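These are the structures, in structure tokens.
Here come two complexes built around chain A, the first alongside chain B, the second alongside chain C.
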Partner chain A sequence: MTEQNKPYEEDNYTHNIHRNRERTLDRRGFMKTMVGAAGVFAVSSLPWGGVAARELWNFADDEDERQKIANVTDVPVGESFDFTYPTEHDSALLIRLAENDYVAYQNACTHLQCPVFWEKESWEMICPCHHGYFSAETGEPTGGPPRRPLPEIELQVQDGTIYAVKVKRYEA
Partner chain B sequence: MKRRLYIELENCIGCRACLAACTQCGGHEQRNRNYVYDINPFVDTQTMPLMCLHCEDPPCARSCPAQAIQIHESGAVLSAMAEKCIGCQNCTIACPYGIPKFDEEQNLMYKCDLCIDRTQYDIPPMCASVCPSNTLQWLTEEEIENKQRRHDLDNGKWVASMPPLENETNVKINLPGILQGTEKLF
Partner chain C sequence: MKRSYVGVLALCLVLLLNIVFLQLAVHQFFFERYTLVLIYVALNILLFPIALWIYKKEKNQTMNSG
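Let's look at the complex of A and B:
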């Protein structure tokens, strides 16, 4: 019997009574489909595995570019200086805590990415959106909603010029 | 060449050779899958064979919750697949002709599958090949049409599965004249 001369419109695969279609959606076909899909997903996730391995085992020595921030004379002790590092979209904050003590953090708050600023009077970094507080010495959150430290930027001071060298890897 | 089973009920002499042949057929395990009825017992000797009519839209297959009854591409409605049949007997209830039989021991339905292992290679089904009175015949569409035309000329009241018995079937039946109140002229 052909499908055309059926007395009603029905192409219902859950009622698979044509023997030629026996293999189209039986239990074995369904299992094959599931295993095949799992295989496809497994293979398609390999690039992410590669990226993760590269990051975790330091196959990538992609040093951030050394970038000049400011001259020492531009930043008095206790003052801060805004810059962007490593790209122009990552705003960052340089703070001179003492004569020879400089720290720099990427200043997007780890709660909801508001820009964190330096409050000299309380000697703390403050996020104005939800009153998050960060320690200037370590970047650790000291109050408010944020739970993770700000990403720290390594610095070098040479010949009266401050350079950003790299963003430290976040250690959970 | 597509052939159909054609039942000329009036020829039946009640020898039950078709039952015996079905019983002996390979894979049937001594169980026959068709019937020979006494039409009017204690009154006359008229008998009629009846096997599955292999509906185009088989209620047995559509009522099966496990899709154990399948339709072969030739149109034959196959016996229940042993590995799928759950023994619910829905098909037995659904069939308007009372064809599917149920084996309590095996918990398995079985019915005529038009000897699909033979007919798919164009060998007549066992019952038709043994019938001594040409009640069961294995004919091409053309031969069936010729028969119908001939009978139409001889007897205006003759019908062959027309109008359809319950629905469209792959087995064609020439109803006996005794059921129609007419005599068939050869």
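Let's look at the complex of A and C:
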């Protein structure tokens, strides 16, 4: 077919495309997008794998530092005390359940990280954002959307002072 | 030319598995089950060459039949 006899003006080898960019939405283009998306997913899961691998292989030397929280006299029975542990960005909550019974948890709700508060009246820890409830004795969720327990902090009481020793790991 | 949507469906399935594995990896990360995280991340990465293989296979088939 010579140049003069060309039946269509446009440079379009199938002659049935009527809209701009119509071919970019075809089956081939869709499949290319899907392959690209698979690549994006592969790359975006790398950081999780990286941190997980680091946690696995540096397990032993990942000890938290001992840190003073409060004096025993600062926390009456049934009251709570806010602190941060192991870094200043991890807020935590110390609760004195009985004369010699102290518990402490990192208080970011395991649902969507809202701060969890101690409610003395109901003897429970409450996340006000979506009404999540946690048992103060174990840190386990007792109601609402959270499914995982709050990370517990191991404590030591020495000479009238309460120390945070380390963040307990979940039972794997 | 008869159109085959097998490749499209297979790639949709790959994307669905991608979403599921990433979700599981993130969940297991917060449960501190790091071995499982590594398994799901590996599966997610493995899906990319599979997707590429499906695409290439489908492209060649279309070229041969069309």
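In the analysis below, the second predicted complex is superposed on the first by the 112 of 172 C-alpha atoms of A that agree within 3 Å, B and C clash if a C-alpha of one lies under 4 Å from a C-alpha of the other, contacts with A are read in each partner's own complex, and residues count from 1 in each chain.
Operating definition for what follows: a contact is a pair of C-beta atoms (placed from the backbone, for glycine too) under 8 Å apart; a residue touches a chain by one contact, two chains touch by 3 or more.
Here the structure is a predicted model, which is why all the values come from computation and not from measurement.
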Chain B or chain C, by number of chain A residues touched: C
Which superposed partner A:Leu56 touches (first chain B, second chain C, both, neither): second
First, second, both or neither for A:Ser45, with chain B first and chain C second: second
Which of chain B and chain C A:Asn16 touches, first, second, both or neither: first
Chain B versus chain C as contact partner of A:Gly143, first or second or both or neither: neither
Overlap of chain C and chain B interfaces on chain A (superposed complexes): none
Residue numbers on chain B that touch chain A, as the complex places them: 56-58, 61-62, 64, 67, 69-73, 75, 78, 167-168, 170
In the complex, chain A residues that touch chain C: 27-28, 30-32, 34-35, 37-39, 41-42, 44-46, 48-49, 51-53, 55-56, 110, 148, 169-170, 172
Partner chain A, residues of chain C touching it in the complex: 3, 5, 7-8, 11-12, 14-15, 18-19, 21-22, 25-26, 29-35, 37-38, 40-42, 44-45, 47-48, 50-52, 54-55, 58-59, 62
Of all residues in chain A, those that touch chain B in their complex: 1, 5-8, 15-20, 22
